[in-house]
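Once you scroll down, you'll see the structures, which are given as structure tokens.
Same chain, two partners: subunit A is paired with subunit B first, then with subunit C.
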Partner chain A sequence: MKKKFTVDKHILIPKHTKLGDKHKEKLLEKYNISITGLPRILKTDPGIKSLGAKPGDIIKITRKSQTSSEAVFYRVVVDV
Partner chain B sequence: MPEEKKSKTEKKAKEEKAAEIKEEIVAEAADIKEPADEKEVAEGEAKAVQMAEKEAEDTVGKEAVETADTGAEETAGKEGQTAEAERDKTEVIEPEESHVFKRVKSIVFSVLSPKMIKDMASAKIVTPELYDKEGYPVDGGLMDIRLGVIDPGLRCKTCGSKLKECIGHFGYIELARPIIHIKFVNIILNFLKSTCRECSRILIPKNKISKYKEVLDEVEKEKGIEGRRQKIKEIIASLKTINKCPHCKARQKKITMDKPTTFFEDEKRISPIEIWTRLEKISDDDILLFGLVVDYVRPEWMVFTFLPIPPVTMRPSITLESGERSEDDLTHKLGDIVRINQRLFENINAGAPEIIVEDLWDLLQYHVTTFFDNEVAQLPPARHRSGQPLKTLTERIKSKEGRIRHNLAGKRTNFCARTVISPDPMLELNEVGVPDLIAMKLTVPERITEWNMEYLKKFVEKGPKKYPGANYITRPDGKKKKITEETKEASLEEIQPGYTVERHLMDGDLAVFNRQPSLHRMSMMCHRVRVLPGKTLRLNPAVCHPYNADFDGDEMNLHIPQTEEARAEAEILMEVQTQLISLRYGLSIIGCVQDAISGNYLLTKNMILDRDKAIDLLAAIGIDDFSKLPRKEKIDGKELFSTLIPEDFNFTGKTREEEEVTIKNGKLVEGYMDRSNLGEGSGLLLRNIHQKYGKEFTINLLGKIFRLGVEVLLRNGFTCAVSDTDLPENARMKIQETLSNAAKEVDNMIGMYYDKKLEHLPGHTLSETLELKILETLNKARNETGNIVADFADKNSHTMIMAQSGARGNLLNLAQMAACVGQQAMRGKRIKKGFEARTLSNFKKDELTPGAGGFISNGFKTGLTPTEFFFGAMTGRDSLMDTALRTPKSGYLYRRLANAMQDLKVEYDETVRDSSGRIIQFEYGEDGMDVSKSEKGIINVKRIIKSIT
Partner chain C sequence: MDKLISEYEDKLPRKVIDDIRANLPKGINQAKLKKIMDKALGEYENAKVNAGESVGIIAAESIGEPGTQMTLNTFHFAGVAEMNVTLGLPRIIEILDGRKEIKTPIMQIRLKAPYSKGKDIKEFALSIKETKLSEITTEFSISLADSEIEVKLDKEKMKSLNLTNTNVVNSISKQLKGFTIKDNKELIILKSRAKEEALNEVYKAKEKIKDIHIRGVKGISQVLPVKRDDEFIIMTSGSNLSEVLQIDGVDSHRTTTNNIFEIQEVLGVEAARQAIIEEVFNVIENQGLNVDVRHIMLVADTMCVLGMIKGITRYGVVSEKSSVLARASFETPIKHIINAALVGENDTLNSVVENVMLNQPVPIGTGVPKLVTKKK
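So, the complex of A and B:
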């Protein structure tokens, strides 16, 4: 059988990582925001499938950017 | 009158009385007099409604508002909110800050109950008469002075205040029979269909009712109020098919609605009385399942037993010049209602036959329906005598000319002007030329003090007709007085410190200048007024770019700020010089255009002037200090240009031809000026000057450079001629040769194609390959001719200078004129369409030659053959259509984008957030850079270091 295709290994998918509790708190404090104020990502998003993220987790996304070499983005996992 | 009703009347009623009714119907239509001046009516109406709205506002405050509207716009869709509002109602809102007088916490939409209608009314209307013989409003008539005053001098009987102070009061009439409210028919139908005809319970089994309620609450928790409404709709829909009442086991009959307001139960008509009793019997608990809150809405209230009469202030009559009175459309309609209602009463009391009563009832229903909405699909609209439909309640509110979009959302303003624009390079960039005619209409208020008394008196003295005069004076108590030739002496006597004089617009006043579409903030900039003769608004052509204006008939708007605060804001935030650097790409958006570029190009490229000519030039652009000019007889153009540049300025850049431009210690030592340095949105010259010397200096310098260019051309003459496209004999030969070679090559390829010798390109068929190759060959040939033109054309011709400096046109345009127009393409391919298998009828079928595919081998100067011309027209028309269709589409796209992002904002921590504080972007633009503070999005660290050390 052919090798199974995994989306998150694809070259066009930016790096997704789950944030630990400590980092999570720090982030929320840094931006002075509650978890509902963050951009959202669907629990079922193919990009975070392998991370096993639960609703309420924060995903750090590191993208290549046109303006700066790397741009970080945070999203909170939501259900539905 | 409705056709069917008429025929019904004819059929049934043989009695005399019925015939009378019919006559009456016809007579009624004739009764209505058309108001003479539509506009005035509309205006009066608008004012009255605003007043009525004020009243509504006044009742806001400690409690939620109960809207006083009988509900043209109310639907049952709002009940969810009423539940919330109910909770709020008990709380007393205490003002948090002392300057908040009243605060709206919530608004309740509800249906008026009969009791409410009676309670809020201050008069019962019993007669359709309006005025008595003396022209005084009849008591109990529609213009009863208890309903408010619309005549000057009278006092309102209810509140005792005068015209304009009294906002009007509602009245009511008692309807002889119930009438269905046209806006609620669908809700009534839902109620009838989903409740039992015997016991009026909802058609849900007892034990399931609480379950349904739970489901609704759950849905609301999950999806909000919208979800709840959706669920209610589903439940109601599911009830319509049940044909046995789960409570009393009664069989249900099929209920249908004959639009607009008649209901049937198995072919038998249900009268509004019957409907009313059924609705009245529905229990409070069941109503909740329909999404209504019983305290605010009972279903039987949707059938009128009392009809509220709107105050006269929202339907004012107007007096014509002849002294005749003309009533508002609503008054006419109400007159009909009252009259028919009275007749219905009389007939019922006299014990008239049921047919007559029913006919009158239907007529009353028609009048009440059209009173609310005169555009009901199934009813003929009620008309004036002239045949023009009446404007009743719904028409007042909805659509573009309605209250919402026209009066509330549509903002209009005073102190503004609009005319055609035209260019004037002798104006400063931040000036706007205002015609004297406009300057005498627009005014600036100036408060009189001891110190400016004499100065302002001069304006009043001149009056409104002599410039600079004044149009109004305002007393300290706010009373405005117009100055006329007759009253100006009196006004002059009257004024003293504390008064305000509205003087004519003068040079140096601030004005906000705008051109639609106002897509970005540079579409509205503040200019200084220059009063000029003529009838157009004038602007410096350099500021055309931010406005996207040209002079082919464009019009622009001018606004005069009226307060000190407004003027300060306009000057500090909006003046032209503050908008120099684009926040989109960080370069100057205002630069030299057209003649200014050609002029500076000529001057700085290779021009040597006599000293007196140079001084003359400098004087013409407003420089009187010639000490910077080198002390010699012949002055180089570069040296002249350098006198404008500050001495400590250094710059290196590139021209359009990639040649070096160097400014050293304020001297242009190398290169020349062209569009890439002086033009808008290109080059760093203007950007660097702005960075180093600030906006005031830059705008000043730019104005000078601009005028210098224009003056140079003025002194030397600059024009286009057909001879600019002349080519020497050998060049023409070369062009012919290139073209015929290409034709031969194409011929060859076609031959190879027919012989199947052509090799095809990967992924293309043979004929596609041929097409591509032909296109390529022909384009190459055209480019070659272009190069030949560029080589051989006179470099000093003015057309060439314009192309080279970038002022206008390019070499391709020149080549099209001088040599060959080239291939006409539609959708990236040669022209194929037209006749069967050929483009035009003078070609052979399936002909593949260049000419048959739309190749134009002639130049514009030589002239095109008829077929060539036709091909040119084809592509020309195509591109015209394309732009005409694309502009509104992209405009709408941009509008949606701008609306979606309009309240996003960069916070102090460099995150981009929306108005509720949610993060949209963690760092603005992902690099946190303010483009308007950069140079084309880049921060030149090297240069900064160099400039510091």
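So, the complex of A and C:
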């Protein structure tokens, strides 16, 4: 009766992708912040389980937005 | 032409670009398109919130003012089965405070075909509902002479739930250790294996077995199949997202709960943020009030920046403020000031409240820019 549930496809979860190193630097430069200035996401978050992200990685989140149909958001992976 | 439009993809939001694409007249030339795009960009930049605008205060006012019009204790009875759902101000306070235990947890379970078409929907719903031993029995009694517990089963109820004696015996033996179980058709007799069982212990065990879980999902206390649009869904009172998502026949991609902490645990912060926005917005809309989603989005974002839900309370987001004075100005000032004095905390006066307290210009709006001189 029990089966594996793939969390990624739930309607509430927006698309999560891991940023490469190049994009990472570009992003921090664009907003003129250090990596600690970004909003955080826990390493154990179900949304990034399949990405295998390590602390210090930046996750790009493409949200469906009511106001602009698509909005991009960034979070940095942290330990607890 | 597409190339020109895609140049603007970084600068304009998706919706604006899609709108322009859909409404362009045929055979428009490059120069005119460029003009349109530049004009759109100009309008968009104009509509943006200025740097240094105090959006938090504006959001607070915009949610707070219509909030005063909400009736304090609104309870809503949905449909015939009178399922009780907390709405109105109590519900908003519950969400924004980030309470772990909410008053009325409910789930909306969406189903896959054929259940979504209404096939066997009652049976399916009942199989999700939590059944405890006390619900399918008529009597618990203790025979003092043998220190045994006799459980009299309700045959009719068991039949309607498709349960047999063996089912029941199996669940009891799994969850209760140290008892021998005899199945006697009408009765189930439990005898303690311990040689000299104090009667006291038997009494305790009798109370314990009433709560033995027989079938269904833990925490789901009521189920109600309803028709929404073209499909059947199951509304439940009580919520257990992680278990329900694993049941065959449940559409695990569209099933939701109103418990945001459960969503955070099972689906992550981003899903929780989305759920906060939807829940708050629905409550406000239900009351016939009109608040822009952007204000609610801002609140939801603040609650979720740390990667987990923090309520807008002195234990939540306020405790994360870096300034001692800002924390002290919210609640329990003496505690914060004493603690700061004990560890010798520094206050860099970067934010608003502390500067107001010290009668200094606040870093908001025109207070943001500073004069910088070159060192010689």
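Keep this in mind: the second predicted complex is superposed on the first by the 77 of 80 C-alpha atoms of A that agree within 3 Å, B and C clash if a C-alpha of one lies under 4 Å from a C-alpha of the other, contacts with A are read in each partner's own complex, and residues count from 1 in each chain.
The rule we apply is simple: a residue touches a chain if its C-beta (ideal position, glycine included) is under 8 Å from a C-beta of that chain, and two chains touch if they have at least 3 such contacts.
Please read all numbers here as calculations on a predicted model, not as lab measurements.
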| item | value |
| --- | --- |
| Partner chain in contact with A:39 - subunit B first, subunit C second, else both or neither | both |
| Subunit A: partner with more touched residues, subunit B or subunit C | C |
| Contacts of A:31 with subunit B and subunit C, given as first, second, both or neither | first |
| Which of subunit B and subunit C A:68 touches, first, second, both or neither | both |
| Which of subunit B and subunit C A:78 touches, first, second, both or neither | second |
| First (subunit B), second (subunit C), both or neither touched by A:53 | neither |
| Subunit B versus subunit C as contact partner of A:16, first or second or both or neither | second |
| Overlap of subunit C and subunit B interfaces on subunit A (superposed complexes) | 39, 66-68, 71 |
| Contacting residues of subunit A [partner subunit B, same complex] | 31-33, 36-39, 65-68, 71-74 |
| Contact set on subunit B toward subunit A in their complex | 909, 911, 913, 917-920, 922-923, 925-927, 929, 937 |
| In the complex, subunit A residues that touch subunit C | 1-3, 5, 7, 9-14, 16, 39-42, 45-48, 61, 63, 66-71, 75, 78 |
| Subunit C residues touching subunit A - in the complex, by the definition given at the top | 13-16, 18, 245-248, 252-254, 256, 263, 265-271, 274-275, 293-294, 297, 301, 304-308 |
